[in-house]
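Okay, got some structures for you below.
One chain, subunit A, links the two complexes that follow: it is found with subunit B in the first and with subunit C in the second.
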Partner chain A sequence: MAVDKQERNKHYISRKESREIAKNNSKMIRNFEKQKKRKIRPEEYVTEMKDPNNIVEFDDLHTFFFSDAGTVKAVNGVTFSVPAGSTVGVVGESGCGKSVTSLSLMQLVQAPSGQIVSGSIRFRADMFKLDEHGRKIPVYETETDEDGNDKLDENGNKIYKLDARGKKIIKKNELGGNMYEMEREVVDIAKMPTQAMRMIRGREISMIFQEPMTSLNPVFTIGNQLDEVGKLHIEGISKEKVKERSIEMLNLVGIADPEGVYKKYPHELSGGMRQRVMIAIALLCNPKLIIADEPTTALDVTIQAQILDLLREIKGKINGSIMLITHDLGVVAEMADYVVVMYAGKVIEMGTAEDIFDRPLHPYTIGLQKSKPTVDQVTDELYCIPGFVPNPINMPNYCYFRDRCDKCMEKCSGEYPGYVQVTPTHKVACYLYKDMAKEETNG
Partner chain B sequence: MADKKTKKADVTGEETIKTEQPAEVLETAAAVEEPAAEVVAAQEETAATSEYVSDAFLEVRNLCKYFVVGTNFFGRPNKWLKAVDNVSFKLQKGKTLGIVGESGCGKTTMGRTILRLHDVTSGEVWFKGEKISDLSNREFDKRRPHMQMIFQDPYASLSPRLTVGEIIGEAARQHGMVDKAGFYDYVIEVMKMCGLQPHYFERYPHEFSGGQRQRICIARALALKPELVICDEPVSALDVSIQAQIINMLIELRKTLGLTYVFISHDLSVVKHISDEVGVMYLGTMVEYGSKESIFENTLHPYTKALFSAVPVPNVHVKMNRVILKGDIPSPVNPPSGCKFHTRCDNCMEICSKVAPEYKEVEQGHFCACHLYNSEEDTARLWAAYEEEQRRIAEEYAAKHAKHKPEKVAEGEDDGAEAPAEVQGIPEGEHSGQAASE
Partner chain C sequence: MVKYIVKRLLLSIFILLGVSMIIYFIIRLMPMDYIDQTLGGLMSGGSAMNQEKIDAIKALYGLDDNSFGGILKGYFGWLGRFLKGDMGTSYMYNEKVEDVIIDNMGISFGISFVSLIFELIIAIPLGIKCAVNQYGKLDYTATVVCMTLMAFPTFFLGNLFIMLFADKLQWFDPSLGLVSTSLPVGTSGWVRFWDMMWHLVLPMVVLVLLNVGSYMRYQRTNTLEVLNADYIRTARAKGLSENKVIYKHVFRNTMIPLVTVLASALPMLFGGAMITETVFNIPGIGKKTYDALMKGDIPLAMGYNMFIAILTVLGILLSDIMYAVVDPRVKLGK
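Moving on, here comes the complex of A and B:
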C-alpha cells in the first residue's frame, strides 16, 4: 500500500497548483494565438531549405498541449525531412506524437491548448505573389501571335483581351480556375500566420484521416462535398468544370461508377469506398504532399491492400510525396522509402526502409519488430518490451526508453542521448552506438 | 426473471449482455411466433440427427444465427441477416481455434452464440459431451462459469464504479466459488497470475492503460476457473508491444491452467502465432477449416489465399505477388447467391453463382467449401439438385398464387415477398454433404 501512495503522489496536483498552471497556460496561449492572427508579412516566414531535394523539413519541432494537469510535450524536438517524390513512413505506438507532428504541418493542432512552441517546418510551396495590399495578382488573357508569343503595342506593353464590358479577362489554369502570379518559395509553416496557411492547406498539402466517416459530412452528397472543396481551393472555377473535376477524381481513385457515387451520401458507401472518396478529395487540387494518417487502420486487410495499391499508383500519377503515418510495421515496409521511428514525442531512429528493417539499431525499434508475430515466420514466444511509455507530463531527462530497455547501461541515466549518424542515411539516438562510433575513431 | 438477470450481469460487469439481451429476446420472440420456412427447415435438419452424442470438448454442428432485419406489412419477419450460417467444427481440449475473417463475417456473433449470449437460431453446440444449446436458461447458467468470454474493447467492458478487486472477484462470489473470508486471497491469486500488482486491488479501472485493463478483463474471466475461453479480438485495441505481453500471457495461462481457447481475430499473424486450428469465415460461412499447418502451407480456398497475400509483411525484401481482390465485401443482409465469394473470386465458374459449394473434407482434417475441389460427380449432383430445387420452388410458387388468388391484393403481395426468401434458402445438397463428411 505504501508503494501505492507514493506512486499516486507523484502525479498528484493540488488545486492551488492546478490554478497556477491554468493561469500560466492562458498567458502563454494568448501570446501564441496573437502570433497566429498577425498580418501576412512574407519576409517573416520565407526561408531556405537545408537540402534543396526536400519538400518538407521538420527542424527541432516542439508542439505542446497546455493542459490543467501540466504541459504535455506531445512533440518534443522532432527533426526529419521528406525528400521530394518519396514516401516517408512515420511509425510508433499510440500517443507517441505521430498525429500531432502531421497536424502541426497543417497548422491543425487543436487550439487553443495545443500550440507549436518552437522549431520550424520548412515547406517548398508554390505561393501566390502578393501586391502591396496583400492581394493576389491575377494573370490576364493577352493577344498572342501564331507562335503563342505576346503581341506588344507601340509602347512595348502587352495587349490584353477584354470582355464585353471592357474588363480584362483572367486567364484560366489547367484546373479551370483563375490564374495568379506564383512564385516558388520555401516557407516556415511554424511561423506562418493562419491567413497565409490557408493558401497552402488543401491546395499544396492535403490530408487523409483514419476514419473517413468522421471527415465526411453525413448530410451532403459525395458530389456536394467534392465540389465544395474544389470551389474553395480552385478560385474562379465554373460550376460545370468543378463537377467535371470531381468526377475525374472519383474515376482516378478507382470508383467504378463515379456518376452514381457522386449522387450518393457517405453512409451509403462502404468503408473502403469512403476512404477512396477521401483520397479523391485530397487529390482535387493536385497537392505536392499528401499526409495519410493511418489511412487503412479502420479497413479490412483485403480492402487495405486495395487502398495501399491505390496510394502507390496515385503517387506516381501526381508526382507528389506521401507522409504515411501508421503503427503497422508491415504497411510501412511495403510502402515507405524512408522510415522515421518515434517514441514519446521524439524521433529515436530514422533511415531508409532497408536500414530500419534489415539493420534496426535502437533497442525500441528492435523490440517492436520482434514483438510482432509475422505470417512468414514461426516463433515460440514473442519478444515483449516490458513496462509502459512514461507519463507525457513528467518526462524524465534521461533516455525515455531507459526503464524498458534491456541494453540499459550506466551512461543511459545521463542526459538524453543525441543522434549518432551510423551511415549517411541512418541515424539513431542511443548511447550504445555513441560508444561504437567512439571506438571506431579511437582504434 | 429478466430483472434478476440484468442485475447479475451488472455485477459481473458484463454490461454488453445487459444491453443486448432485451433486443435479442424481442427479435427471437418475433421469430418464434411465426417461424419462417427456412428456419423450420434448418431446425428439422438438426432434429433428424438427435441421437448424436459429441465426443469432442467443444463441438458446433450446423450452427446458424439469423437476425431479423425486416418485417412485412403484418410484422412477420421476412428478411434475415445470416450472421452465422451453417458453421460446424470440433475442438479438442487444450487446443486453440483461431477464427479469422473480415468485418461483418460473423466471427463475434459465432463466439457469442456458442456462449448463448445470443439465442441459437438452429444447430447444436456441444460442450464436454453435453448439448448446451438445448439447456434451459437456468441449467445453462450453472455451466456458464466454465465458459467465459474476453471482449475486444477493454475500455467499454469494465464498470467504472467498482474497484479492480471487486470487478475480478464479484462473479466468482456470486457463483459461490469463494466465501467472504477467502475473497481477498483468491482475487490476489488471480491477479498475480495475470500480471497485476496486488496494490491495484483498491484502484479503479479508469486509472489504467489499455493493456492493463485487458489484463483485468482476463483476470475477471479466469476468476471463474473456466475451461473454455472465447477471446474476441482481445489484442486488437492494443499497441504492438502491449499485444505481445498479452499474447504471451494467454499462451502461458493455456499451459498452466489447461485452457481451451477460441481466439477470434482479424489479424492473421496473431492467429497464426497462437492457434492450433484455424477457421476462415466469409459472410457468415466457414469457407476453410483445418490445422494451422494445413491452412497456411496448403491453402485451398481462393478467399483464404487472397486474405493471406493481403497481409503486409514487415520485411522490405518480401515483394509478394499479391492477389488484390476486386470489389467490396458484400452486405451480409443481401449476400451473393451460390458461393458467397463469387463476386470477388478470380476462379469463379458457372456453377459458383448458382449453387452454394459443399463444406467438405478435402484432405484429412482439412475442410473447404469451394467448387474447385468438386469431383465431376459432385458437380453433376449439385447441378441436378439445383435444377430440382428450382423446379420445386417454381411449382410451389405457382400453387400458392393459385390458392390465394381470390383473396385481397395485400395478401397476394405478402406471399410474393416471401417467395424470394425461399429461393435464397440453403439448397438440400449442402446439408446432405455436411452429414456425409462426418
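Moving on, here comes the complex of A and C:
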C-alpha cells in the first residue's frame, strides 16, 4: 500500500515543489541570460583544438531545459568529435538528446528555458581578420607576372590594380563576393556571443532540419529564401550573381527546373523537393560542416534513398563534414564513418562504423541492432527493447539503461559507469566491459 | 478571382435581405413607436389630441397594424422603396436618410480612422515586443494595463476622463460637443479646425485606450505562435540577425491573421462609435442614429443598419480577398 502511494506520488508535483522549481528556474535562466547579454571579448571564446584533425569537438557538453516539471538534462555530459572530412552519425531513440546536441552546436536551443549549462563545443572556423578599428581587411587585386607571382615595385611593395577612379579593386572569392583576409581560429561555441555566432551559422555550419514541410517560410518564394543566405554571407555580391548562385545550387541538388522552382512558393513543392531546397540553402556558402537532423525521417523510402545519395555526393563536392543525426541504423550504416550512440543525454558507445555494426558492445546498441528489420532473417515479431527512455527529470546516478537491460548485474546499481576504451577507436560506457579492460591492462 | 467576387456579391444579396427583414421586425416590435413617443405626452394633458387622432397619424405613417401581416406589409413597402433608391425621410430630423448618414459620417469616420491608426501604431510593435520578451517585465506590464483598459466599459472610461481632464483639470472644454460655445458663430478656417481637433482629442484617446488592448493581445499571440515555427529556426540557422528574423520572417507571417481582422473593422470605421460619441456629445453618425433608435425613427434606423450591414458584408469579402493577397497558399476558388 505504502509502496503504491509512493509510486503514484512520483509523477505528482506538490504545490510547494512546483514553486521551488519555478523559483530555481527563473534564477538559473536569469543568470544564463545575463551571461549571454554581457559583452564577451574574443579572447574568452578563442581556444585550441585537442586534436587538430577535428573540425568539431564536443567536450562534456551539458544542455538543460528548465521546465515547470523540473530540470530536464537533455544533454548530460556529451563528449565526441567530428574529424574533418568525415561523416559522423549520431544515433539513439527519440528523446535521447541527439537533436539538442546539434542545436547546441548552432546555438539554436530554444531559450530562455533551454540553456547550455557547461562544457564546450570547439569549432575550427575561418573567421574574418579584423583591423584595429574592428573592420574586415579586404584583399586587393595585384599586378602579377606571367608565373602568377606578385610584381613588386622598387620598394618591394605589391603593385595594386586600380579601377577607373584610381581605387584599389577588391579581389573576388570563388563565390563571387569580396575577398577578405581570413584567419583560422578555434572558437568555443558554448561561450560565443550570438552576434559572432551569426557569422558561423549558414556560412561555416549549416543545418538541414527534420521537417521539410514546415522548415521553409510559407510566405516567401524559394528564390527569396535562397538569395537571403547569399546576400547575407557573401559580401559585395551583385543581385544577379546571388540569383545565379541560388539557381546553381538548386541545380546541384537535382531539381529539374531550377528557374521555375526559384519563383515558386514552398507549398507548391513536394516534401522531397523541399528537403532538396533546404539542402541547397545549406550548401549555398560552401559550409565546412553540415548538420543533418533526421533529414529523411519525414520522407518516403524512395525519396529517402535519393536524399541520402545526394548528401553523400555533396559531401565529396564541398569537401566538408557531415554530422548526421538519425534513429535509423540503416541510414547510419550507409553513410557514416563514425557512429556515436546516445542514450538519455549521454554517449554510451562510440567508434567507427565497423566497430558499432560488427562489434556492438553496449546492450543498448545490441538491442538497437536487433530491432532493425532485416531481409535475411525470418522472424515472427520484430525485437523491441522493453520499456521506455527514462524520464530525464531527476535522473538517478546509475546506468540509465539498467532497468531495460537484459544483462543487468549487481554492479549496475553503482554509480554511472565510465568509458572503457576497447580498441583505440571504440569506447563504451558499460560495466560488462570494465573487467575486460582491467584484465587487458593487468595481462 | 473576379468570378469569386461576383459570386460572393450575389450571395450577399440574400444575406442583406435576411438582415433587413430581421431589423425591420425588431424595430416594429419595440413597445413604443415614434408616434407614441412624440405625441403620447400630449394626450394626457387634456389637449385636443385623442386616441382616434393618434391612430389616424399612425395609419399615415403606416404604423397602425402591428400584426404579423401588417409588419410584413410594412417591410415590403420599405423594401420596394429601398430598391428604388428611396431610403425615406427620417421622422426625427425631417431630412432624407441618405443625407443624414452622409452629412454625419465624416466626423465619425475621422475619429475612428485616426484612432485605428494610433491603435495599430501602438499595438503592433508592442505586441511583437511583448512576444519576443515573453514573460518579461514589459510583457507583464503591457498585459496588465491592456487587460485593465479592455475591461472598462466605454461610458465609464469616457465619463472618468471627462471628469478628470475636462472638469477638474480644465484641459479640455467641459461642455463637450464638437466646437466651443465661446467660439464666435462666424469663425471658420484654421481656428475652427483646431478647436474641433481639440474637442476630438479626448474621445480619440478613449477609443484608442479601449481598443489597443485587443489588437495588442492579438498581435502578441500571433507572434508567439510564429516564433515557435520551424521556419523561424531555419531563418536563425541561416545566420540572419534577430531583427531581420522578427521583422521580416515573423512579421510577414503575423500579417496573415492581422489583415483579416483589420478588414472586418471596416463597418466600425464608417459606422461611428455610438457610445463614445454619445458620451462626448459629438454629433457623429453614431450619436445621431442612437437618438433616432431611441425615438423609433424607422427610416433612419433601417437606413443606418442597412449601411452597416452592407459594410460588414463588404468587410468580410475584403478580408477574404486580403487573405489571398498576403498568404500565397490561399487561392480564391470559384
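Operating definition for what follows: the second predicted complex is superposed on the first by the 389 of 443 C-alpha atoms of A that agree within 3 Å, B and C clash if a C-alpha of one lies under 4 Å from a C-alpha of the other, contacts with A are read in each partner's own complex, and residues count from 1 in each chain.
In this text, contacts are C-beta pairs under 8 Å (C-beta built on N, C-alpha and C of every residue); 3 or more make two chains touch, one makes a residue touch a chain.
If you're wondering where the values come from, they're calculated on a predicted model, not measured in any experiment.
Peer 1: Using the superposition on subunit A, tell me whether subunit B and subunit C clash or fit.
Peer 2: Superposition result for subunit B and subunit C: fit.
Peer 1: With both structures superposed, pick whichever of subunit B and subunit C touches the larger number of subunit A residues.
Peer 2: Counting residues of subunit A touched by each partner, the higher count goes to B.
Peer 1: Touch test for A:V420: subunit B only (first), subunit C only (second), both, or neither?
Peer 2: Once the two structures are laid over each other on A, A:V420 reaches no partner at all.
Peer 1: Looking at the overlay, what does A:F388 touch: subunit B (first), subunit C (second), both, or neither?
Peer 2: first
Peer 1: Can A:R201 be said to touch subunit B (first), subunit C (second), both, or neither?
Peer 2: In the superposed model, A:R201 contacts subunit C only, not subunit B.
Peer 1: Using C-alpha centres only, what angle sits at subunit A with arms pointing to subunit B and subunit C? Round to the nearest 10 degrees.
Peer 2: About 70 degrees, rounded to the nearest 10.
Peer 1: Considering only touches as defined above, state whether A:Y265 meets subunit B (first), subunit C (second), both or neither.
Peer 2: second
Peer 1: In the superposed arrangement, which partner chain does A:T214 touch: subunit B (first), subunit C (second), both, or neither?
Peer 2: second
Peer 1: Looking at the overlay, what does A:A429 touch: subunit B (first), subunit C (second), both, or neither?
Peer 2: neither
Peer 1: In the overlaid three-chain picture, which partner chain does A:E354 touch, first (subunit B) or second (subunit C), both, or neither?
Peer 2: The answer is first: A:E354 touches subunit B but not subunit C.
Peer 1: In Å, how small is the closest CA gap from subunit B to subunit C once the two complexes are overlaid?
Peer 2: Superposed on chain A, the two chains' closest C-alpha atoms are separated by 9 Å.
Peer 1: For subunit A, what residues appear in both contact lists, the one with subunit B and the one with subunit C?
Peer 2: In subunit A, nothing is touched by subunit B and also by subunit C.
Peer 1: Using the touch definition up top, name the residues of subunit B that touch subunit A in the complex.
Peer 2: 102-103, 199, 202-203, 209, 211, 239-245, 247-248, 251, 266, 268-270, 272-273, 296, 306-318, 322, 324-325, 328-329
Peer 1: Mind pulling up the subunit A residues that touch subunit C in the complex?
Peer 2: 106, 108, 194, 198-203, 206-207, 209, 211, 214-220, 228-229, 232-233, 265, 267, 278, 281
Peer 1: Enumerate the contact residues on subunit C facing subunit A in the complex.
Peer 2: 229-231, 233-242, 249, 252-253, 256, 326-329
Peer 1: Using the touch rule from the top, collect the residues of subunit A that touch subunit B in their complex.
Peer 2: 1, 3-4, 93-94, 270-273, 300-306, 308-309, 327-334, 353-354, 357-358, 367-369, 371-376, 379, 381-386, 388
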